[in-house]
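Have a look at the structure below before the remarks.
Naming follows writing order (A, B, C and D), and every chain is counted from residue 1.
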Amino acid sequence: MMKIINYLDHIDKRWIYLVLAIAVIFPFLFPIGCPMKITPPVSNMYNYINDSIPEGGVMLVSVDYDPSTMAELHPMGKALITHCFSKNIRVFLMGLYPPGVGLAQDMISNTLEEWNKSNPDNIKILGNDISLFAFVPGVSVVILKMGEDIRGTFNTDAYGNDLDSLPIMAGVNTYNDIDYMVDLAGSSVILSWIIYANGRYNQKMGIGTTAVSMAEYYAYLNSGQANGMLGGLKGAAEYEALLIKNNVSQDRNQASIGMDAQSSGHLTYIIFIIVGNIIYFIKRKKEK
Amino acid sequence: MFLKKQLPLLVAMFMGTMMIIQFFIPHPFSKNVYSTILDWLMIVTAFTLLIAVQSTVQMHITKIRRKVTDWQSSVIVLTALGITVFVGILGGAYAPTNILMKIFPNVQPGSDTPLMYLYIYFQTPMQATIFSLLAFYMASAAFRAFRARSFDATMLLITASIVTIGRVPIGQFFYANMPEVVEWILNYPSMAAQRGILIGVNLGMIATSLKIILGIERGYLGGGK
Amino acid sequence: MKKMLITLFLFLITMSVVFAETDNTLIPVIADSSDLIIDEFNYCGIESIEVKDAPNDDGTALLIRWEKIKDVEEFDGTYSLYRINVETGKERRIKELITNETEYTDQGLYRNIAYKYYIVAVNNDFQISTVRVYTEEITTTPNWFKKDKIILLLMIIVYILMIVLLVHTVRKGKKLFLRRLAGIDALDEAVGRATEMGKPILYIPGISTMSDIATIASLNILGPVAKKVAEYESRIIVPNRDPIVMTVAKEIVKEAFTEAGKPDAYDDNDVFFLTDSQFGYAAAVNGIMVREKPATNLLLGMFYAESLLLAEMGNTIGAIQIAGTDAVTQLPFFITSCDYTLIGEELYAASAYLSNEPVLMGSIKAQDYMKAIIICFMILFLTVFLTNGIINLFTDADIGFFDGIMNVIRFVFNT
Amino acid sequence: MAISTSIWIWIAALLTLSIYSFLYKDNPFYKFSEKILVGISIGYTVSIYFHNTIIAKVWNPLVHDHNFLVIVPLILGLLMFSRLFKGKAYLSRIPIAFVVGTGCGMSIPSSFENLFKQVQGTMPQVFTIGNIIILIGVLSTLIYFFFSVEHKGIIGKVTRVGITFIMIGFGAAFGATIMARISLFIGRIQFLLGDWLGIIS
């Protein structure tokens, strides 16, 4: 008995790595398809976009993450855009940091291609239904400036076209003309959006964040400064599930597919913690 | 001496006070001032960021010059940097530049720039992978370091286990209402603690900002005290 | 000092109560009563409509209010609100499907242009009544002060005064009370144990730069720790990720050894620069831990994702670990893998306690007083809330007095 | 789906694998890719700033629109480069003071507003168990971080409650972090098995 415990206590890290890798890869090859409950922060955001933004309304998505957290946040952006396309809501994307703008561009080309392939009767065009603002440095300064004058902040879209020449810009000048905004980020930049866009300009907003920061932002949901939140890959998966349930998209998407692997990964972690603690307590008892 | 010490402090004090006062004046005059300042800030910020790059480059050049251990890796950094900047400035950021379209006639105004290829196929996968290493590090820490060594740590680990299991679909196999339990924890006790911490952090942030405007806090100017 | 704060506090409450009743300078326009024809299609259920300048804005908004006639048979249609630009004569519907609302703020208007509004009934077949109820002409006025933000301004002034006064007090040499944190005792004990065992102490000042308050706080703690180490003639190892932090750390440790009267015991090679790569740094520090087998690890400062790598290795080699950071996301890892953790602001407090640095001390105390104000209001609210709630549970009595108190407290924090 | 034929996907996949090789042990492949990453990410930022700020915000307004007000921030910005000259480096403090001072001034009222909203959000309208828990939790957490009294007697008891709330809060954050880390790994697996090898769809 003590031998096993000693062995486990000094086990090479790489065996632990291997166990985790197998636990996460396995469900991809043999999917289980766990059922999923939708949590209120996600359904609140879905319902708001679904019911409270009129047709032809305007939604702003700020892509403020970099590749390191893209696994969690990219699927959210795609789900949100698909939802807006189906409701004929105009979508603006932007990024407060250079990496975000690059990822937003990737997101646009992906969603446009997918949407136009599966909905040939409702073709979406860059510049008419979706657009990406040019990158402007300044972070909170940009957020504040948009409350005064969106055209003057960006001048052009990311592709170099004058904003005034784009059909999608019709009637869009300040936050007053934007029905809803969602910030996708894994950093405290969400706070800047809440403090400046919501606080100073009363912009109605939602949060899409990594699971790490999720617990922190419940305080803002409770105080009403944001009305919905997608937390981590699970949040994205729930949003995708809502889209499928309401026939907006047909097949399971990126985030939903990952949920089985997520489940088995979590289980592995819990087992590690429990076994680790058992070893710790047995050893401590022995020492006494 | 004035240029070195007083002037920067005066600039910070003047601008800071002005922006606070501006907040309370809704008049169009104050809005115009505000708008202009925001424009200026965007430009100055860009320069401050460029200078941050300069210090990194400087560091690598020094390393190569002094031939310190591992100086070869600095050569790799600078080469990669040089190629990216060359491609980026000539080829355009998000839309291809005219020069690029002249050299390669098949590049259309809407096509992706070479910089974007570097970004999507080099930087993105590597950065994403480096951070995914954390999944492994944390697994080994879970096995070897996260211990219920005190009452506090035990509370922490129990809550963590409930949230970990309850946030994924598998939690419902253990207990059907698991997602609701997790949602309750996040909405009430956890939220309360987060808010308490947040109020403290916010007070600290405001205090720091005020100290900078008052000229008491000078660390940001560099060079320590 | 205390008196002054109390006076300020009372002033604040008085001001908030005074401003609780905002003034209403209205331009009332009551519809001509002869307009109120009520029949099937020409319905008008509006008693009066008035327009006034929206308060606290830059002069681009107007506030329109209307009142319905009471005691009139239910009208099941809706109302529409129109705006007339008096100069061009152009009309525009700005709000439709009005049922129960009684006011609307019309935003995005031009200054120096006169506007006029009317409201009209629309029945369920979308037929518009012929009876319109007009307001007078009005132009917008920009305001010079946001009256609704007065409490905010007062709070900022109070906070500024607190910081200035407290920093000044400490500078004059007065000692302010700060409770001795359990973490400081733990720190003493850990340093003592390492010397007993004759093993070195590993001090990691975080991986951030000097612009982080956590780094500065950590360096403030490094001084006293290094002094204690010098007194016991023990060894302290400080690996760095930032070259500037390293320079400062060298200075501090050297000075501490001199102060302790052991300048010769100081080894310049023990405070050094490792690498600027995040995980590279973690790997290198882990290497040091394996080689040097320190008895005590002090991880104080700003940490990111590498925190768990460091704490895990420290655990494996069986060192006593004391951590402290204000990075909320890293705190859980430290709490479960270290023997003692300074949580968030505790790090600053410990640093102020040990160094008695005026700026740090003054600001901690100012934050404490501000917190005290919030805590007082919250305790008051909680008491009233509980009393009111319990009374309501057992009786039907509706006590307006309690509601009043709660509303005043809420109003103080209104924005 | 079959194995990818795009050279770009292959590059991305090989770089991914070379970084994972670090898990086995530190090796030249990992070091090489890490350094390339540093170089490219700085280069990317520089290029974007060049096109979107220097050209779009300074060059174009000055040369095409003749907006000479831009000169003020331009001079301030150029002062940053005084750092390259040893004796004049202090000049760069002026633009820094400008940026930091203005930023602080803008953030103070807004941060206070945010603070007030959080405090007000803690003062509920409805009498429910959840709302009481929130009130007590926030209050006891705040008292825990109050340093001007000793944690003795009643205050000591309240801070015990406070630290328990804090531990629950951290526990939740801890659980959420586990979730995030796994998600990042899943993202890479989806890329390797899906986009590259084509084993999963």
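Just so we're on the same page, contacts are C-beta pairs under 8 Å (C-beta built on N, C-alpha and C of every residue); 3 or more make two chains touch, one makes a residue touch a chain.
Bear in mind that the values here come from a model prediction, so they are computed numbers and not experimental data.
Peer 1: Once you count every C-beta pair in contact for both, which comes out on top, B-C or A-C?
Peer 2: More contacting C-beta pairs are found at B-C.
Peer 1: Per the centroid of Cα atoms for each chain, what is the distance between chain B and chain C, given in Å?
Peer 2: That pair's centroid distance is 20 Å.
Peer 1: Any idea how many Å lie between the Cα centroids of chain A and chain C?
Peer 2: So the centre of chain A lies 25 Å away from the centre of chain C.
Peer 1: So how far apart, in whole Å, are chain B and chain D when each is placed at the average of its C-alpha atoms?
Peer 2: 3
Peer 1: As a quick test, compute the distance in whole Å between the mean CA positions of chain A and chain D.
Peer 2: 15
Peer 1: Specify, in ascending order, the residues of chain D that touch 2 or more different other chains.
Peer 2: Correct list: 23, 34, 38, 41, 44-45, 48-49, 52-53, 57, 103, 106-114, 117-122, 134-136, 138-139, 142, 145, 166-167, 169-174, 176-179, 182, 184-185, 187-188.
Peer 1: Note the residues in chain B that touch 2 or more other chains, in rising order.
Peer 2: 20, 23-24, 31, 39, 41-42, 45-46, 49, 93-94, 119-120, 123-128, 130-136, 138, 140, 142, 144-149, 152-153, 156-157, 160-161, 164, 167-168, 186-187, 190-191, 194-195, 197-200, 203, 206, 210, 220, 222
Peer 1: Note the residues in chain C that touch 2 or more other chains, in rising order.
Peer 2: 149, 152, 156, 328-329, 332-333, 335-336, 344-345, 371, 374, 415
Peer 1: Taking the touch definition from the header, please name the shape of the chain graph: line, ring, star, complete or other.
Peer 2: complete
Peer 1: Spell out the part of chain C that touches chain A in their complex, as residue ranges.
Peer 2: For this pair, the touching residues of chain C are 107-108, 328-329, 415.
Peer 1: Contact residues on chain D for chain A in the complex?
Peer 2: Touching chain A: residues 23-24, 41, 44-45, 48-49, 52-53, 56-57, 103, 106-107, 110-111, 113-114, 117-118, 120-121, 134, 169, 172-173, 176-180, 182-190, 193, 199-200 of chain D.
Peer 1: Quick check: in the complex, which residue numbers of chain B touch chain C?
Peer 2: 20, 23-28, 30-31, 59, 130-131, 133-134, 137-138, 140-141, 144-149, 152-153, 156-157, 160, 197, 199-201, 203-204, 206-208, 210-211, 214, 216-217, 219-220, 222, 224
Peer 1: Which positions of chain C touch chain B when the two form their complex?
Peer 2: Where chain C meets chain B, its residues are 56-59, 111, 142-146, 149, 152-153, 156, 159-160, 163-164, 167, 210-211, 213, 216, 244, 248, 276, 279, 305, 308-309, 311-312, 315-316, 326, 328, 332-333, 335-337, 339, 344-345, 348, 359, 363, 366-367, 370-371, 374.
Peer 1: Inside the complex, what are the residues of chain B that reach chain A?
Peer 2: 31, 34-35, 38-39, 41-42, 45-46, 49, 93-95, 109-110, 112, 116, 119-120, 123-128, 130-132, 135-136, 138-140, 142-149, 157, 160-161, 164-165, 167-170, 172, 179-180, 183, 186-187, 190-191, 194-195, 198
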